[in-house]
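Shared between the two complexes below is chain A, which has chain B as its partner in the first and chain C in the second.
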Partner chain A sequence: MSKRYIFLAVLLIGSAFGLTQLPEKPNKKQIPPDELLIKIYDQARYLTTREIAKRIIDRDPSIFLVDVRTPSEYEEYAIPGAFNIPLENILDDQWRDYLNQDGVDVIFYSNGTIYADQAWDLIAQRGIKNLYIMKGGLNEWFATIIKPVAPDETAPSEAFDQYAFEKAASIYFGGSSAGVDAAAPAEKKEVVVRKKKKKAAEGGC
Partner chain B sequence: MEELKRTKRITIGVIAFIAVLVIGFLTVKKPVAVYKLSPQQMNDDLIMVYQVTPEEASEMMGDSVKNVFVDIRSIYDYEKDHLYGAVNIPIPNLLDKEIQEQFDQWKKDSVTVVLYGNDQLQANSPWMLMYQLGYDNTRVLLGGIKYYDDFMNGRLAENETFEMENPAYDFKKIIAEGSSDNSSVAAQAPQKEVVVRKKKKKAAEGGC
Partner chain C sequence: MGPLTYFGEISTEWNYVIALFIGMAFGYIMEASGFSSSRKLIGVFYGYDFAVIRVFFTATLVAIIGLLYMGYFGWIDYSVLFVHPTFVASAAIGGVIMGLGFIMGGFCPGTSLCAVAIGKLDGWVFTIALFVGIFLYSQVFPWIEPLYNAGDMGHIKITEYFGISQGWFAFGFAVVAVAVFFITTLIRRKVKDVRY
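What follows is the complex of A and B.
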């Protein structure tokens, strides 16, 4: 009888050891369509160009701008500090951890808003929370930040406050509008992407 | 006697076990909808033609058997103004059972379903969702209802376009001008360097 027990014990230990040798499964979970629909309906994913400009000027370390256009477009002009991940490669495994950072807001932008929205849609399926889109894209960025238009004289004072901010931001980001020579050079920013810690034992059925 | 008791106990145990299994299977939550395409397949399909230009839309409007327009805005917006013959399905209702049956029916009859919102952006994500659920007969109306109305009534501004992704400015030139004005600006976007720390491998993770 004791022989049988020993055999069972060895079998169990053996199979337990076998489990440790299984290949690591990448975390590829996908949220169900109904959860994605709720995210789609939520308009809070759109950030205005002014909000983003303000955060860049304030050197907010918790934003990560992602330029989803092609590398050649990115070379021509990109928002200071933006990182280029073309839309067609956005799902590649090498970018997985860039787009999923604790406490860092990932903001997609393109020329308009469509490509950024598509990138958002593909990545949001992973159930990641802090993903945003720059509403209006670079076209809006140039219309408001780089080349702001002065409000009418009859406009409310808020419009003038906003314009004052836009003019200052324009100088910061290298637009020429105000013609003032003091300008803060855009600095090289180093970002450390921390891998998300995995919970002790995840997955498994 | 003793033997009989034991057999009885085992039988009861087995029946209880099977009952638990059956109840478990019966109460499993059925998903509301299932993706037919993986994100990767979806991304590959994005380069295909899935949009409808206002010109095409006005032609399709004539054939209401083969084409249907779906207004994904709220009931309020729909009541105010909608395209001729359009059906109203607000975004939150897209996954309702009846709606999905309707979409299944449209797909079976190979009806082209054109989703539209106020602009292209509003219909973009809903379209991606429906397309990924396997309704590959869905399209997006470029420019949305506002552009379409202006287009039909000839009220378009001179260089107004429904192509949102075309750059409206010569970005490089404007920045170059800006930096020549302000002698010291480093306007070129600095490349961001990202350091990804390798994650330590945990001993035993996942696996089925």
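What follows is the complex of A and C.
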């Protein structure tokens, strides 16, 4: 056996062994800041409380509501079906798959808009597309869905249509119109998260 | 076949031009290393020439090691690499048919075209028969479609299926490959009667 073959064999096995010794590299893929900036300017990431309420009432399976407030606040009141991931833990690896689901819109909300927006900023850096924010947060949720205010008599008819929907939604979500205490604890939903399937790239032989 | 780049740095037309040159280089090297001879190709089945098996193992091993290192250093994003879907049952049956055809015909599809290019008569016969086979296959396809799709496992990799690390898989593969090189050398030495 010639020296050349021995050298090649050692080289191959050696370099393959080197692969096993490489330290684990965490998958911290992030999009460049300029791309993120464009995403931040895109107002389409805001959903109104009415849109979200409608999708919950319709039992839309493609939404995943994330409550970024503290667990104690979440216990006190949460939108039905919402899942609690406090903002301080939002980057934990255990939530990685929850926040990155194909075909599921992940919607962040907090009391206002700011915390949800911060959660969005952090997660959007991973290049995930279907991330949204509930505009106005729970304050807006209470003002529109739980305790809707009747429009002025001179308001356009759309406002009345909207009010009709809000009143109906209010009954659905156990708001004042149904005569139920607004702060009734929401049913918490068990979330089944499927591992993200790899998309096949185009092409092949 | 996919484009070389995804973001249009290379236009479609140039993709074809580059593909042409890669194909020419491939064919040239294949012919230059004697792969247009069916005697050389089927030597692996009779134990007097192991060039085929060595080439496949070497190519696979170099590709594995290269891809994994380049992926690790971030030069390649192998999440965009195409992984062929695995159809276990049809792959097994197709593999048997392919192997039988390989022994009987003495070529695989690529090398038969190589033989055609240098004007080998057996290469021509093989290639014509190959197209007849493709035609017949397309005619009976509705009947064998269930077999065609049998055992679909999707786009899955061995390392994902068995849950082993890619590095250790590459290492195991390297050890096996070197063992194969060594064993085939031993067998080759024992064979005296080589008829090319």
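Side notes on the structure shown:
Throughout what follows, the second predicted complex is superposed on the first by the 167 of 205 C-alpha atoms of A that agree within 3 Å, B and C clash if a C-alpha of one lies under 4 Å from a C-alpha of the other, contacts with A are read in each partner's own complex, and residues count from 1 in each chain.
We take it that a contact is a pair of C-beta atoms (placed from the backbone, for glycine too) under 8 Å apart; a residue touches a chain by one contact, two chains touch by 3 or more.
Keep in mind the model is a prediction, meaning the values are calculated, not measured.
In the overlay built on the shared chain, the residue A:L138 is in contact with chain B alone; chain C does not reach it. Residue contacts after overlaying the shared chain place A:I90 against chain B, while chain C stays out of touching range.
After overlaying the two complexes on the shared chain, residue contacts for A:D121 are found with chain B alone; chain C is out of touch.
Once the two complexes are overlaid on the shared chain, A:I171 sits against chain B while remaining clear of chain C.
Of the two partner chains placed by superposition, only chain B is touched by A:L36; chain C is not. Once the two complexes are overlaid on the shared chain, A:T20 sits against chain B and chain C alike.
Residue contacts after overlaying the shared chain place A:Y5 against chain C, while chain B stays out of touching range. When the two structures are aligned on the shared chain, A:A44 is found in touch with neither chain B nor chain C. Touch counts on chain A: comparing chain C and chain B, the chain ahead is B. On chain A, the patch touched by chain B and the patch touched by chain C overlap at residues 19-20, 22, 25, 198, 200-205. On chain A, the positions that touch chain B within their shared complex are 19-20, 22-25, 30, 32-34, 36-38, 40-41, 73-74, 76-83, 87-88, 90-91, 97-98, 110-115, 117-118, 120-122, 125, 137-139, 142-143, 146-147, 170-171, 173-177, 179-183, 185-198, 200-205. Put simply, chain B touches chain A in their complex at residues 31-35, 39-40, 42-43, 46-47, 91-92, 94-95, 120-121, 124-126, 128-129, 132-133, 163-169, 171-172, 174-175, 177-187, 189-199, 201-208. Contact residues on chain C toward chain A in their complex (touch as defined above): 1-3, 61-62, 64-65, 68-69, 72, 79-85, 155, 165-168, 170-171, 173-175, 177-178, 181-182, 185. Interface of chain A with chain C (complex): residues 1, 5, 9, 12-13, 15-17, 19-22, 25, 198, 200-205.
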